[in-house]
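These are the structures, in structure tokens.
Across the two complexes that follow, subunit A remains constant while its partner is subunit B and subsequently subunit C.
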Partner chain A sequence: MLIHIIKNEWRNLRADKTLWLVAGLFAVSVAYAMFNGLAWTNFQRQTIAEAAAEDSERYDALKKQIVEYERSAPEKLSRFSDPRDPAAAGRNIGQKYAAMSPAPLASLSIGQSDLLPYYFKISTRSQQTFTANDELENPTNLLAGRFDVAFVVIYLLPLLILVLSYNFLSGEREAGTLPMLLAQPISLRSVVLGKIALRFAVVTVLALGFHPLVFFLIGGGKLLTAEGALLGAVLWAAAIVAYIAFWFALAIAVNAFNWKSATNAIALAAVWLLFVILIPSLTGVLVTSVYPVPSRVEMIGAMRDASSDASARGSQILAKYTEDHPELVQGEYDPNDAAARTYAVQETVDREVQPILAIYDEQLQKQQNLANNLRFLSPAMVMQEALNDISGTGNARYRHFLAQVKIFHAEWQNYFIPRVFQKARVTAATYDAAPRFVWQEENSPAVARRVLFGLLGIIAFTLAAAAFGFSAIRRYSAIGG
Partner chain B sequence: MIYKIAHKEFIETLRDRRFFVAALIVGGLLLVSLALGWQHSRQIERQHEAAAEMTRKQWLSQGEKAPHSAAHYGVYAFKPQMPLAFVDRGVEAYTGVAVWLEAHKQNDFRYRSAADQTALARFGELTAATVLQILLPLLIILLAFNAFAGERESGTLRQVLSLGVSAKNLAFGKVLGLTGVLALLLVPAVLIGAVALMLNGDEAGEPFNAARFALLVIGYLLYLSVFVFVSLAVSARASSSRFALLVLLGFWITSCLIVPRAATDIARRIYPTASALEFAAQMENDIKNGTDGHNPSDKRLADLKNEAMQQYGVSRLEDLPVNFDGIALQAGEDFGNQVFDEHYGNLWNQFERQDKVRQLAAVLAPQLAASSLSRGLAGTDFAQHRDFAIAAENHRRLLIRTINEDTMKNARYGDTKYVASANLWEKVPEFQYAAPETAAILKKQSGGILVLFGWFVVSILLMIWATARMRV
Partner chain C sequence: MLKAINLTKNYNGATALDDLNLNINAGEVFCLLGANGAGKTTTINLFLDFIAPDGGKALIKGFDVAEQPLETKKYLAYIPEQVNLYKNLSGLENLEYFSALAGQDRYTKEDLLGFFDEVGLRREAAENRVSTYSKGMRQKVGIAIALAKRAEALLLDEPTSGLDPKASNEFSELLKKLSGRGCAVLMATHDLFRAKESGTRVGIMRHGRLITELSTDEIGHADLERIYLENMRN
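Our next item is the complex of A and B:
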């Protein structure tokens, strides 16, 4: 019997111009969003490639210069631009990039990737000197947000579902066809099930149908080989299906109230507004008020105070530092070595400002934890977090990147700073053996666990709404409100 | 007659509990967001004022020091809070809060506060501007979609029109009734906003606040009335109230959601900008090799030496009455400044062109016109960020020039041990910033204002046209 209902419903739906109109608009939106996402990840990939090229060209030039200078050094050569000077090499001219390449599915959700830097130019200076360098972007663009696939999914897909299902029962009742339908030997629940099952199938095909194309474009055929890509694609599809199911369950619940079609539309629009706009922005307010991150302007002042204090005590600090690090100087040290003093002072300043810097990380981490717990208040928040996570454009992967940068920065300092103290000449071999940053992708089972845990929240919402709908529908009156 | 209709509409709406609750929620959100915005704004302002004092103190207490080393130490400029920022935070979270003013280099603003937040911020901040631009139009649609279509369905439209009421009067009566309901929400908000502004104004002392606040109110009234007129027009022509609602929700989604995002990507495509990497490389190259590629820095230095010696008729740099080191440093600054002006100028022009695309796209989406005007008047748009960035950069140039002039006058050529006395730092004035005047802002916003006004006129005409041909 169910199959008859579905067949009949498909004929009705097909005859309705609304389906084709909204399906067409949706398809155009997805295509445009895909195009934007790809343009952005290509821009990032190209920038990272340019950085790598600049890096290797510069290194070649430095090595050539060393050979030249060994033969005859120029008369007035500043030590800041002498490739043989370890301080210059580690701090200025020999800097290397550490980059986080976009994940395989990055073009689907731009997420935070337009806001947070995706590469750093590492030097022996303190970490905060290079981690605050952002990509150039019009702030109005950042404010408005991008038209990416995640936007289409989170904001527009529910609206597509609502347009197709807000009156799936009330419409038949208002047209007077529902009593006739129920005169057949079928239950109202079967009718509901059939109507929703068909719509669910149509929307799912529509929403996922484009995605094989997306994956093909992104992977360029390498989809199956890119690490984590296949798992990501499966998770992406699972998230979308769960989200679609949620909105259909909501449509059932609202239709079960026996309201007029226009009232259903208002109720569903209100729920959409609540879940997609209001709860997320109110949660944002809550999260930032519970764990406020102090303004960075205070950090700037404190860092400068610490730095001028330490600079004033430069010689003292250097003496103490060499005492603590006898391995660096082997016996005696040069109290007038400006480069060595710089690092001794820098180390002191870093240690002093560490507690201040830690506040920012801690508060943000607390915000993130609270946001993670509160995301279950709205399926839209779960989706944002999940889609960013799958695409690798959320805060989690960025933190993963920062952790690796921290390790690499330490390696970099450990490579060059002892050479500064020992006044060891930098040779071509030193440059060749300098540490290189190798990006380690996030552990994908861990990402999958996070995403699936979030989806459980959406599924719980879905089951609750569907259960309510199916139980309330028993009291449905097929002829009047 | 119009007043009777308006009165009836007003009473009827207030009696409808659902709309009453919706209006209460939106009104509540408006007041809460104003309060939160005001508190946030005050807090930022206090922090930035304290920071400005601190950077000044740090600068003055450098003691005896090599002047060029002081120039490298520099000062920071912190973005001030504009008095109306509590209504619309605009791009503030995305511009960075501070810029370091140091020798040789025009720096970018650093520390975008949005980067210190979770991704939730990207759903949009809850500010009065959000409530006014996004939520109130939706409330208007809910209040008005039924206005004619609902009366038609219940049969009262025919009766009312048979009494001899003209369709136009009926329409304007309904407009007035709706206005009355909205006034219940807006008047308290405007009053609270005005009080908050006055409390802010005490400290900021900015003279055009009242005028600007009034313009902001007028801008929002124009914007909101577009939704009133369009809703009534659609309600008058739609075949059913259900259909009217769907069309209006479609209009709202297009205006508030789809077009603003789509316009961003289109604007980026039409007016692309370089990556930070490329941008920095170009500037470095121009400084090293000259803007035309045929004027490398060592040649420029040699020319400068000859020029200086000729000017004073001496044959050795040591014999110059001024210190050549200072001259060379300043010449390097002057050349760099040209390069910065060109590159930052091009970049920022490109950003402003992107914003122009958005103003143009407002033809499809009135929200874009309203948001642009609102940011402009609140002083939180990109153009005013640029104005501040230029002022900060000019201060940097003044600071460095003052320092270099001291080196020119007081240091001997080649003396690397020279230290300036502790009172040199006071010769650099404290950084003061005067925000652009309202007239200048309105000029910048003229495109957006024109489009908003166009929407207003077209939507009135649309309503008159639609009600004259109303389905009965």
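Our next item is the complex of A and C:
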């Protein structure tokens, strides 16, 4: 029985221009989004490659310079540009890049990767100089983002579904075919099921149909061979299917109200606005007002005060520092060593501003946690999180990157700062053995667990809407009123 | 075949159908007459389970409509005032769909075209979109669906209103053909002439009550009109 309904529904849909029109618009949107995404990730990859090239060229030049200077040093050589000076090497001329390369599916969802830095130039300076955790205040920027495939899926795909299904029952009643249909030995629920099943299949094919091509393009002509990419592609498809099911369940629920088609259209547009625009924006506002981040001006002021205060006590601090770190100086130290003093002061300042920074980080973390929980208020937010996560442009992967940067920074400091205190000359070998940043990809089963957990939220919404729809539809009248 | 037992329906306190008792046997054509709002359409909608009765029951082939709607609809064909079909599909596709829903899904294209012949629709029209059909043609598709479905009971709600006399006459002929095959027909109509021509019995309704029942053999056209008007005046 269902098969007859589905077949007839396909004939009807096929004969209607709407399907072809919206399918065409959707295809164009996806193509444009894909182009946008690929352009951005290609730019990122190119930038990272250029940074790496710059690194190694600079290192080659420095090593050459060392050889040259050993033969005859220029007369007026500043110690800040002397490649043999450990302070100069660690702090300025020998800096290295730490970059997070885009994940295999990064072009699908740009997320906040265009707002957050994806590479840092690491030096022996305080970490604050390169990773100030700025607050991103604009919720629209936070939650809307660029025109990428994720945007098309989250914002436009629901509209496509609503255009195809806002009147799937009311339209039949208005055209007078519903009484003809219900004079046959079939239940209204089978009619609903058949009509929605066909539409679901059409939209799913439409939404996922272009993906093999997309994955082909991302894989650079090969279908996703990178590690974790296949799992990502499967998760991506699962998320889209769950999201499609949610919007169809909503269409059933709204159609069950026995309203006119025009009323259904308005109601569904309102629901779209609520879930896709309003709740995400309000969540952004709520999160920042519940956990406001202290003024950045205040933080900078406090850091300045601490720093000028510490600089004034420079010699004292250095003395205490060397006492605390006898291994650095092996008993002897030069109280007039400016470079050593700089690090001693820096360490003190870091320690003193730590509480202020901690409040900052803590508030940001609380914001993040709250936003993470509130995302279950709207399937669109869950979806954004999930798609960002799968594409490796989400918060978790970014924090994973920052943690690695922090470790690398510590390694860097541990490599160069003792040399500053020991006034050890930097040689080509020192440069060769300097720490390198090797990006460690996130563990993909963990990503999958996070994504699937989010999808449970969407599925819960879907089941609720479908259960309501199928139960309310019992009261649906074939003849209106 | 079609039976109403103390069938009653109220709408917001107003009685639309009051204690209707009716029995239509196979081969009979029962015409319900009466002013608008007399309860004719309510009766048909009750037999279709489109509305639930407030009292009594409607039976089709002995099955209670409210209790076993899907069972009763197997034997039932329905032709409303407007046979509304899927306009973007052809008449043939519509016929195929509705008869398949009724469980008759083994017809070949030739079988289906045979029904078109039977109801007097040109085969060339079968492949055209229904949006190009006249009302008379759509009503004929309605009959073709009833034939294809092998309906044993037919419910018609003013099926000939708005048809020109020739189309109306052709429709009545088809109706006779169906009842001749043993189909029980219940038709609501305003057309006294048509009721006398194609009906075996007529019933006159007023304010939800069936007030008079006549056999069409016993009366002439003029008698029927006189009796109808008398009943309306009281």
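The rule is short, and it goes like this: the second predicted complex is superposed on the first by the 462 of 481 C-alpha atoms of A that agree within 3 Å, B and C clash if a C-alpha of one lies under 4 Å from a C-alpha of the other, contacts with A are read in each partner's own complex, and residues count from 1 in each chain.
Convention: contacts are C-beta pairs under 8 Å (C-beta built on N, C-alpha and C of every residue); 3 or more make two chains touch, one makes a residue touch a chain.
Not measured: the values here are computed from a predicted model.
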{"item": "Subunit B versus subunit C as contact partner of A:V438, first or second or both or neither", "value": "neither"}
{"item": "Which superposed partner A:Y360 touches (first subunit B, second subunit C, both, neither)", "value": "first"}
{"item": "First (subunit B), second (subunit C), both or neither touched by A:P179", "value": "second"}
{"item": "Dominant contact partner of subunit A by residue count, subunit C or subunit B", "value": "B"}
{"item": "Which of subunit B and subunit C A:A15 touches, first, second, both or neither", "value": "second"}
{"item": "Which of subunit B and subunit C A:A429 touches, first, second, both or neither", "value": "neither"}
{"item": "Contacts of A:G284 with subunit B and subunit C, given as first, second, both or neither", "value": "first"}
{"item": "Which of subunit B and subunit C A:H4 touches, first, second, both or neither", "value": "second"}
{"item": "In the complex with subunit A, residue positions of subunit C that touch it", "value": "45, 48, 50-51, 70-71, 73-74, 76-78, 80, 82-89, 93, 97-98, 100-103, 105, 129, 155"}
{"item": "In the complex, subunit B residues that touch subunit A", "value": "22, 29, 36, 44, 47-48, 50-51, 54-55, 58, 62, 73, 76, 78, 90-91, 93-98, 108, 110-126, 130, 134-135, 138, 142, 145-146, 240-242, 245-246, 249, 253, 257-258, 260-265, 267-269, 273-279, 281, 347, 350-351, 354-355, 358, 375, 381-382, 385"}
{"item": "List of subunit A residues in touch with subunit C within their complex", "value": "1, 4-5, 7-8, 11-12, 15-16, 175-177, 179-187, 477-479"}
{"item": "Footprint of subunit B on subunit A - complex, ascending", "value": "29, 32, 36, 39, 43, 46-47, 50-51, 54, 111-112, 115-116, 119, 132-147, 151, 155-156, 159, 163, 167, 260-262, 265-266, 269-270, 273, 276-278, 280-285, 287-288, 293-298, 300-301, 304-305, 308, 360, 363-364, 367-368, 371, 380-381, 384-385, 388, 394-395"}
